[in-house]
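You will see two complexes here that share subunit A, one where it goes with subunit B and one where it goes with subunit C.
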Partner chain A sequence: MPVKWLMHWQPNSGATMSSQILAEVCQCVEGFGGAAKDGRWRTTLTIYRPVARDPSSTASSAPAPTPGDLPRDFLGLTLHDRPGAYFFILRHHRLILQADANVQSLMDKLQSYKARVVLHFEGFQYQLGDFQLRVGKCVQSHADTLRGIMMEVEYLPLCSIDKSRQIMEDFVDIWQDAVIKKSLPGHFINVELNFADYGLQDQYTPQHTALQYATCIVQLMATVRS
Partner chain B sequence: MTLDHISYLVPRDRSELFLFRNTRAISCFELVVLETEASEEERRCYSKGLEILAMPIFTKSNRAPSEGDGVETSGLRMECVVQGIIQTQHVDALEILLQGLCGVPKERIRVHELCLKSGPSLAVPSEIRLLCDLAQPTPSWTVRHVGGAMRGAGAEQISVLVRTMVESKVSNNALRFFYALGYKLDHELLKIGFAFRFQRGAPITVTVTSANKMPKLHATDEAVPVTPGIQMVEITAPTAGDNYNEVAAAVCSFCEYLAPLLHLSKPGVSTGIVPTAAAAAASLLSNSGDEAGAAPHPLDEHDTEQ
Partner chain C sequence: MMPQAQQTTSAVGALAASQDPLESAGDATAEAPPKQVALAMERLTRAARVIADIRLGADRVLEALFMAADTRDQSSNKAIEFIIKEETSMRQHFQDLRALGRQLEDSGVLNGSLKSRGNSWGLHMPLVCPDGAVVAYAWKRQLAGQAGASAVDRTRLALKAFTDQKRRFFPHLDDEVSSDGEIGTAKKRLNSQGLIMSQREELTEKKSLSDILKDLEHEFPNARIFTYQRLDWLKRASLLSSSAIENSADPLKEQILNHPSNTRFGSVNVAAADQAAVIELLVPSVFRAVVSLHPAGSTNPDAVSFFATDEGGNHIHARGLSVHHVFRHVTEHADKALQYFVCVDNNLSLSLLLRWICSHQTLFSKTCSKCGRLLVMDKSLALLLPPVHRAYQETMSTISSQTESTPATKAVHPDHISAYHIGCSADDC
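Right, the complex of A and B next:
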């Protein structure tokens, strides 16, 4: 599948994030000659927490539990362009598992991990020559608070991460110029990932996208905290 | 609706409360709740307050799947299942019979099955099976969770077991993944045999397999049969929950065709081997030889014994 870069909005020091910025970023894209809006998209990220045995309640009967063994960085993802698939990511273990979408009902049945937070990345999609751009916001399920702004840049002709690097960098340079001209209080950052840590190759797959979202959410949380 | 008309089970999270119309008694409903993990205390509690409980049950069962919570809750899958055993020497005859009944080519089965159980750190005990299909040119992995059997008056009256089953294809790092989640390997088996998949009132799958154990961890090439003389026969058919009576009837009527060779019953209800099996097998094998001209399955000593 075509290569994608997932970039997130980093506000300038002291600046805040608002839906106004998102609107202006969309205007930026629409300002490029020939950018055509073609639909909406949504990717959903779920943060799971283990349902660990409570040490206090089992002190007398069961062997000493070790909830510290259980992962606390367990994420699940449904990607907008792969609705039939589900991705689990354990960042600490450098592990990504691809499954069918109904693996979520299997997880529900196990009751060993519960979905604690559900975040949606959603917005508009634009076609711009060989590029497809998806600009969107990150919001928590059943809440309107803006958690972040992000953008997917997809270069349709190439599937190799290495071969597409130069053209992606060139595109991002042009894009940043457009953002600067608009005097927006921040800029988009692409965090380059070492996909090989997760056993992924140079040929781009949906697993690469899932990993980028997992990294993006960490970055967005760090931005919100700071 | 009175207590007399209702049988029920209560799962811990009350997530699988189902309401089925009892077709045997009009205007009487049967609450069939899946999963078997309710504690005695929970059952006492619910038996007292069933009418109060009925409200959330109705609400849950009427809830549309995937209701904008961002998590797709794909429809709950259920299956009807019966099992039986057959002596290995009669498996050829069973295959001929199945071939004749189903009219589809058999599929070869060679599945490495790993049973994982939740470790001590997890609060709710659970069990999953990782299945690796070794019959494919590229082995593929599936994770399966088999839920508790449906209970209640309706479930007792049918001769198949109805249970939930969720299955998903997974990438080949699934074992590492579930280890990381705190699951431990309980046991592993290599199942070798064949399957027929066909439509007869319902989509039915018949599998005939021998269970093999491995002397060393994951050493599927060195697997040896657990019970060399006996093989397992299993018939499954998916059901949507509201049509389990029809699917169960389809499975039962198919089982009757196999009755001379083996008895099939709910899992856990052992019916043993059938006394008529040797004669039936001999007859099948000899008929098969006559009809085919060139016998696909060589006659064995049982043909001359009978």
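Right, the complex of A and C next:
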């Protein structure tokens, strides 16, 4: 599938994020000459926390794993372009797994993990020749505060990460020039990921996308805290 | 119903002299064809008449302009009147043509896929039907079928239509009958360099298809080259589509697709070499180029098209167009390069073309030789594109300098072929 780069908004020190900035970024894309608004998109990321088990109820059975054994940084993702799949990521163990979307109901039944935080990435999609751009905000479920601004850049003709690197870098440069012209208080960053650590190949797959979102979240949390 | 048909046939007959051979299967309409088809044919003949009128009108306008240019003041008024008269009649012709076009669109004869196909020489390209036959309009084969003809007759009609067109529009292609020695009449007028060219032709014998492909494999280890019979290619094209839809992260499947269930060159099967009609050039993760040969087994390329490596579908053939803008523009430029190679030296055209195609392995990494950048926004097209134009004149001069010394030397390395953005192209060929 086509290569994608995920970028998130890094505000300048002291500046805040607001929907005004998102609107300006959208305007920037629309002014890119030939960009056509295509529709909406939404990706959902869930951060799970393990459910603490009651020790008395398991006295008779084999020793149940204590909460300390269960991985803590367990993420689940629904991608907008793969609605039938659900992706699990364990960051510290460097594991990524693709499952059917029905696994979520399975998780509910198992009750081993509970959703701690649910984040929605949603916004508009634009077609710009061979590029597809998705600009959107990151909001927490049931809350309205803007947690972050993201942009997905997809180059349709290429599937190899290696071969598309120069093209994508050039695109990011062109894009940054356009953003600078608007003198917005911040810029977009793309985090360079080592996909090989997670056992992923050069051919781009939805797992790569899931990983980019997971890494992005970490960055966003860091930004929010600072 | 019958008067319609008679009117159509008489119209066709009357225009037979000035008509292009696209209408050659029109005599099959004598037996009750469907009414819409007859209407469509009549409209097409009318459109052809209007186009002929437009051509004549253009000549007359030119004539009037010449007159106005070297005439004295007294007759300048006459010239101006003439020009105005021609202009109004041309406008009327164009309006008629537009109306006819709209009617044809409504009746489904002209559709999007036909319109979007670029005419690189201003000629109407023949249509490739799903089973590989090439005819002017796919629905004309339906006509031939309803005339009660058998499959053999239908094929014969289709082949006749195509060879007529080919003879008329591609006179420099070898006919099946001609042998190697007949470099003769058709090509002599293409020899702009006269004596030197004929000497060169004596030095380099016409290489066989397998030799050309072997040389190419040595020179470009990155590229994977396969040959197919025409129908086999169509089967493979639909295989490509089914794998592109699914998650293509399966390296095993990739191997199966690219492995010799197809006629891999270097095999002992001599018969296959004679029937190779499609060459597939795959540079993994960069592009897939499809070249069609006519006649099968020869070394005469007659069409080329570029696609993305994960693109699949029935449009993946030498006359199809990619869904991606970048490959569409490369294909458009490739049409011109092919025409150039064929015109300049028919013997070397295939190897020149294939080497030029392989130079595109740097399509997404080589910067433009003029502006030094890779990705640039083309203002007129409103598209971000890498340099999609690769120079084809350079290939020619380097090969000619090599052949006088040693015929088997490697010519210029493809990385030295300059690349340009569409807007940076120096010349417009």
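Following the convention adopted for this analysis, the second predicted complex is superposed on the first by the 213 of 226 C-alpha atoms of A that agree within 3 Å, B and C clash if a C-alpha of one lies under 4 Å from a C-alpha of the other, contacts with A are read in each partner's own complex, and residues count from 1 in each chain.
By our rule, a contact is a pair of C-beta atoms (placed from the backbone, for glycine too) under 8 Å apart; a residue touches a chain by one contact, two chains touch by 3 or more.
Predicted, not measured: the structure shown is a model, and the values here were computed from it.
Student: Which of the two partners, first being subunit B and second being subunit C, lies in contact with A:Asp130: first, second, both, or neither?
Tutor: After superposing on A, A:Asp130 lies in contact with subunit C but is clear of subunit B.
Student: For the overlaid complexes, name the partner, subunit B or subunit C, with more touching residues on subunit A.
Tutor: B
Student: Under the stated touch criterion, which partner chain does A:Thr78 make contact with: subunit B (first), subunit C (second), both, or neither?
Tutor: First partner only, subunit B.
Student: Have a look at where A:Gln201 lands relative to subunit B and subunit C in the superposition and call it first, second, both or neither.
Tutor: Once the two structures are laid over each other on A, A:Gln201 reaches subunit C alone.
Student: Tell me the contact category for A:Val191 with respect to subunit B and subunit C: first, second, both or neither.
Tutor: After superposing on A, A:Val191 lies clear of both subunit B and subunit C.
Student: Taking the superposition on A as described, I'd like to know which of subunit B and subunit C A:Ala143 touches: first, second, both or neither.
Tutor: A:Ala143 sits against neither subunit B nor subunit C.
Student: In the superposed arrangement, does A:Thr44 touch subunit B (first), subunit C (second), both or neither?
Tutor: So A:Thr44 only meets subunit B here.
Student: Please indicate which partner A:His93 is in contact with in the superposed arrangement: first for subunit B, second for subunit C, both, or neither.
Tutor: first
Student: One more residue to check, A:Ile180. First (subunit B), second (subunit C), both or neither?
Tutor: In the superposed model, A:Ile180 contacts neither subunit B nor subunit C.
Student: In the overlaid three-chain picture, which partner chain does A:Ala222 touch, first (subunit B) or second (subunit C), both, or neither?
Tutor: A:Ala222: touches no partner chain.
Student: If you lay the two complexes on top of each other, which residues of subunit A touch subunit B in one and subunit C in the other?
Tutor: none
Student: Of all residues in subunit C, which touch subunit A in the complex?
Tutor: 247-249, 251, 284-286, 308-310, 324-327, 364-365, 373-375, 377, 379, 381-386
Student: Going by the contact rule at the top, pick out the subunit B residues touching subunit A in the complex.
Tutor: So the residues of subunit B touching subunit A come out as 12-13, 15, 69-74, 76-77, 118-124, 126, 128, 143, 145, 147, 164, 166-171, 173-174, 176-177, 180-182.
Student: Going by the contact rule at the top, pick out the subunit A residues touching subunit C in the complex.
Tutor: Within the complex, subunit A contacts subunit C at residues 1, 32-34, 128-131, 156-160, 162-164, 166-167, 170-171, 174, 201-203, 205-206.
Student: Within the complex, which stretch of subunit A touches subunit B?
Tutor: That would be residues 44, 46, 50-54, 62-63, 65-67, 69-71, 74, 78, 86, 88, 90, 93, 95-106, 108-113, 115, 118, 120, 141-142, 199 of subunit A.
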